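Below is one structure; the comments refer to it alone.
Order of writing sets the labels: A, B, C and D. Residues in every chain begin at 1.
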Amino acid sequence: MATIDLNADLGESFGDWRLGQDEALLPYVSSVNLACGFHAGDPHTLRKSVALAVERNVAIGAHPSYPDLLGFGRRDMGLTPDEVFDCVLYQVAAVKGVCEAMGGRLHHIKPHGALYNRAARAPDIAAAIARAVVKLDATLLLYGLAGSCLITEAERVGLRAISEAFADRRYQPDGTLVPRSQAGALLTDAQESVAQARRIVREQAVTSRDGQAVVIRAETLCLHGDGPHALAFAQAIRQALEADGVRIAAP
Amino acid sequence: MATIDLNADLGESFGDWRLGQDEALLPYVSSVNLACGFHAGDPHTLRKSVALAVERNVAIGAHPSYPDLLGFGRRDMGLTPDEVFDCVLYQVAAVKGVCEAMGGRLHHIKPHGALYNRAARAPDIAAAIARAVVKLDATLLLYGLAGSCLITEAERVGLRAISEAFADRRYQPDGTLVPRSQAGALLTDAQESVAQARRIVREQAVTSRDGQAVVIRAETLCLHGDGPHALAFAQAIRQALEADGVRIAAP
Amino acid sequence: MATIDLNADLGESFGDWRLGQDEALLPYVSSVNLACGFHAGDPHTLRKSVALAVERNVAIGAHPSYPDLLGFGRRDMGLTPDEVFDCVLYQVAAVKGVCEAMGGRLHHIKPHGALYNRAARAPDIAAAIARAVVKLDATLLLYGLAGSCLITEAERVGLRAISEAFADRRYQPDGTLVPRSQAGALLTDAQESVAQARRIVREQAVTSRDGQAVVIRAETLCLHGDGPHALAFAQAIRQALEADGVRIAAP
Amino acid sequence: MATIDLNADLGESFGDWRLGQDEALLPYVSSVNLACGFHAGDPHTLRKSVALAVERNVAIGAHPSYPDLLGFGRRDMGLTPDEVFDCVLYQVAAVKGVCEAMGGRLHHIKPHGALYNRAARAPDIAAAIARAVVKLDATLLLYGLAGSCLITEAERVGLRAISEAFADRRYQPDGTLVPRSQAGALLTDAQESVAQARRIVREQAVTSRDGQAVVIRAETLCLHGDGPHALAFAQAIRQALEADGVRIAAP
C-alpha cells in the first residue's frame, strides 16, 4: 500500500497580523512546518500553533529561515555556512523546546523559502543545516527538495532525509522546479495539480514542462496554505489520493 | 563550610557590537546567564557563549528578557502574563537546545533587567515565568531577587528557587534595592562591595542605607561584567570569599 | 456651517502581512494617519500608502509609535521623554520626506496606541512629542485626545492642536475614555455610534456611561478601519453627518 | 590647488552598544555618513550624531543600507530594485528630517556595505538608489565607487555624483577593489596607505596589485573609523595631504 506525507506550513502569523488558514488546513495534512520567528511566527503564535498541532495529532516540524521578517524569508541572503548553522540551531532549538513543553515532540525540519532553495543547490549550506540538526537531535528528519543536495548532505551526516515534491509547481526536465519568476511555474488548475500529485505517488514521476516524464521519488508532498484556492486544492488532492487507496501519514 | 554561587551575565553582544568582558570574567564566576536574543545576544553570540561556558565548566543559565533590543530590556513593557509566559518559554527553549547541542546542559533561568524587576514585585508575572520554566523542565533552577515574589512563585510550582543578592547595590530597610534612579544606589568602592559580599555570605545580612541590619538569605551573588571596574570588583570579591574559606560553586 | 475632520489609520500592513481595508476606507475620510515602521508599516507599505493618499487627496498624517512591532504599539513602554522625542522625530521625519518625494505634503501627527494614551495623561511625554514636531516643522498640526495634556503641551510650544473624539468609544463623566479592558468600552451598535458622532459635531458633547452630558470639543473624529463592521460604521457616520449638512474636511 | 574630501562613517552604535570612535575621528574628516537605523544607528544615536556633526561643521551624509542589523548590512540580500528604492527613500528621508530639525542640512548619500558593492556593479540597483535620492531632493550629492555604475546612474538622473577612492584598499588592474575575501585586500601599513592617498589626490592614480598604474579620478577618500589603527591612519593621511598643500573640504 502506497503511503505519502502531506505537509503544510503553519504558524506564519506575526503579532497582530494573520496569515494562512491554519485551522482549516489541518484536516488535510499529516505534518506541519512551524515558523520559528525569523521569517514569520513569534512566541505567542508558535505556542498556539504547537498546541493546535498537538491537539490534532499531526507531526510537527520546524521551518527555519534566514533572518528576514520584512521579506518573509523569500530573499536570498549571503549568510556564511557558519551563520546558517547558528541560525538553524537557534530556531530549531526554540521550536523543539516549545513542542516538548506543550506535550508534543519535534518530528522534522524543513528549511523555508530562500534558505530552502539555496540548500537545494549549495552543498556547503545544505551541510550546515544538516550539521545543526544532527547536533541537536540525530533522530530528527530533514525535509528537502527531492533530488537536491540537501537530501545528500542530510544522509551524509546520518539523518533520515525526506524527499519533497510539489503538486502545484511545474518541473523542468532535470527534475528542478521552474523558477517562480517564469511563466507557468505554478499549476493553477486543480485537476492538473491533483493529476500531478497522483502521478508522483503512484508512478514516482511528473510530466515536465516539455512533456517528458521525469522521475521524482518523494515521501512528502507540500500543500500550500495561502492563496484563494489553497483549501480547495488541499481537499481535492487528499480526496483523490485516498480514493486511490493511498495512506496519508507522516514518515 | 559556607557555599555561595557567583553569577554573571554573558553573551550580551549583538552582531558586530561587543559588550562585556566575557572571557576575562569567567575565572571569577561559578554560573553564567546567557542573553537569549530579545535584549541582547543572537544565534552566533549564543552558540559561541555556550561553547565557552561548556569549556570553562561553569553552570549555564538562560537570561530571558522583554523583546526590546533597542532598550536592552531595561525599560518596563506592559506585557500580559500570557505574553510573558510565551516569551520566556521561547527564549529558554532556544538556549536549552543550543546548550544540549554543544554538549552542555541548561542549569537555571534568571530573568533580565526590567522583567527581573517586575517579576520581583508582580505575582502574576512571576507566576507566568515560573510556569514557563516548569513546563519546559521541572529540574531547572530559577534565580530571583531574595525575598521577592519570584522566589515564592517559583517554589509554589515546585521549582527550586535560588535567592540572589547584590554585592554592589545598596539595600533599603525592607530588603529591596535602592532604585538606580536614586543617589547611592550603587556601591562604587571596592572595599565596601567586598564587605557587603562577605557579610551576605557569613551573616546572611546587609547594612541598609540607614544603617540597619537587614536579613538577606542568598544562595547566589550577582557580579556585574560591565563598567570600568567590573573585573577588579569580581576578582576582589572572589579572593575575599575564598580567603574566608567560602566554597564558590553553582547550586 | 459645522465642519469636522474624519481621520483613519492607514498603511498598517507589514511586509507580506495585510491589515485594514485601506482602499475601501478612503472614500469616507478627510485625513489619514500613516504607520511609520515602529508598530506597523515598512518602507514599501509607507511609499504605497503615501501614493494612495496623494492620489485620493486626503490630508496625510504621521502615526508614530513606541518601537514595538510584535505588540503593535499597544503595550506601554517605559521610554524616557528624551527617548520619545528621538523616536517621534525619526518617524515623522521619515514620513515627511516620503510624502514630499511622492508629491504630497505632511499635514499632521497623531501618536499611536499606547504612546497616544500616555501622551494624553503624562505632560512630560506630551511635551516631548510636541517638541519633536515643532523642531521638524512648526506648521504641522498635532492631533490628540480632546481635553488631554497633549493638547495643552502642543499649544504651549506654538503648534496648532487638533482635539480628537471617538464615535465608537464610551466616555467617562470626566471626559476620558472608558478603558478597553472594561466592559462597555466600545459602542458596538452602528446607530448608537452614529448618534454619538452627530452629538459631538452638533452639540460638542457626548453622553457618558452614567448618562451625564459631557462637553467634548473636537475638530476630528477617529474612524476605525479594522474589525468586521468598520466600513459600515464609517459609511453610516459619514452619511449621517453629510445629511446634517456638516462639511467633512481636514483642518 | 588640489582639493579632496575625506569622509568617514558615523553613528554606527546601536542602543547600548558602542562602535567606532566618532568624537576622535571628526577632526580629520570633512564629511560624515550617518547610519540610518537599518544596519546600525537608532533614533537616539542618529539625533546625537547629527548634533555632533552640526557642531563640528562637517558635511552630513546619509548612509542607507539593506535591512540587516544582525549582519551590519554587510551581507548581500536579494532585494528588487523597487525594494531598494523604498528602503533608500525611507532611510534618507529620516536622516534629512533629523538634520533639518537639528539645524543642519543633508549634503549627500553614500550607500553602505553590501548595498554599496551591489550598486557598484548592478545598474538596476544603482538606478533605484539614484531615483530615490533625486525624488527626495535633486540637489543632494551621491557618493559611489569611482568608475562604477553608481556614478553613471547618478549622473543619468541629474544628480551630482562624487567618485570615491580608498586609501587602505588594494586595487585590481581594472580599477575595482580586491575583494576583502582575498589576501592583500587591505593595506595594513600606514605609510603605504598614506602613499596611496597622496597618489590618488596628486596623480589621480593608484598602483594596482600587479604593479600597474590605474587611473582613479576621485573627489572623496574614505577613512575607516574602526580597527585599532583607524585614528592613526586618518591622522597620518590628513597631515600628509595638508603638507602637500591639498585643501580638505566637502564637495
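Heads up, the rule we're going with is that contacts are C-beta pairs under 8 Å (C-beta built on N, C-alpha and C of every residue); 3 or more make two chains touch, one makes a residue touch a chain.
Not measured: the values here are computed from a predicted model.
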Intersection of contact sets, chain B vs chain C, gives A, D
Chain B and chain D: spacing of chain centres that average the CA atoms, whole Å | 42
Residues of chain D touching at least two other chains = 70-71, 83
How is the touch graph of the chains shaped: line, ring, star, complete or other?
-> complete
Please name which positions on chain A make contact with chain C in the complex.
-> 13-19, 42, 69-72
Footprint of chain B on chain A - complex, ascending = 37, 43-44, 46-47, 82-83, 85-87, 89-98, 100-102, 132, 135-136
Which residues, counting only chain B, touch chain C once they are in their complex?
-> 67-68, 70-71, 75-79, 83, 114
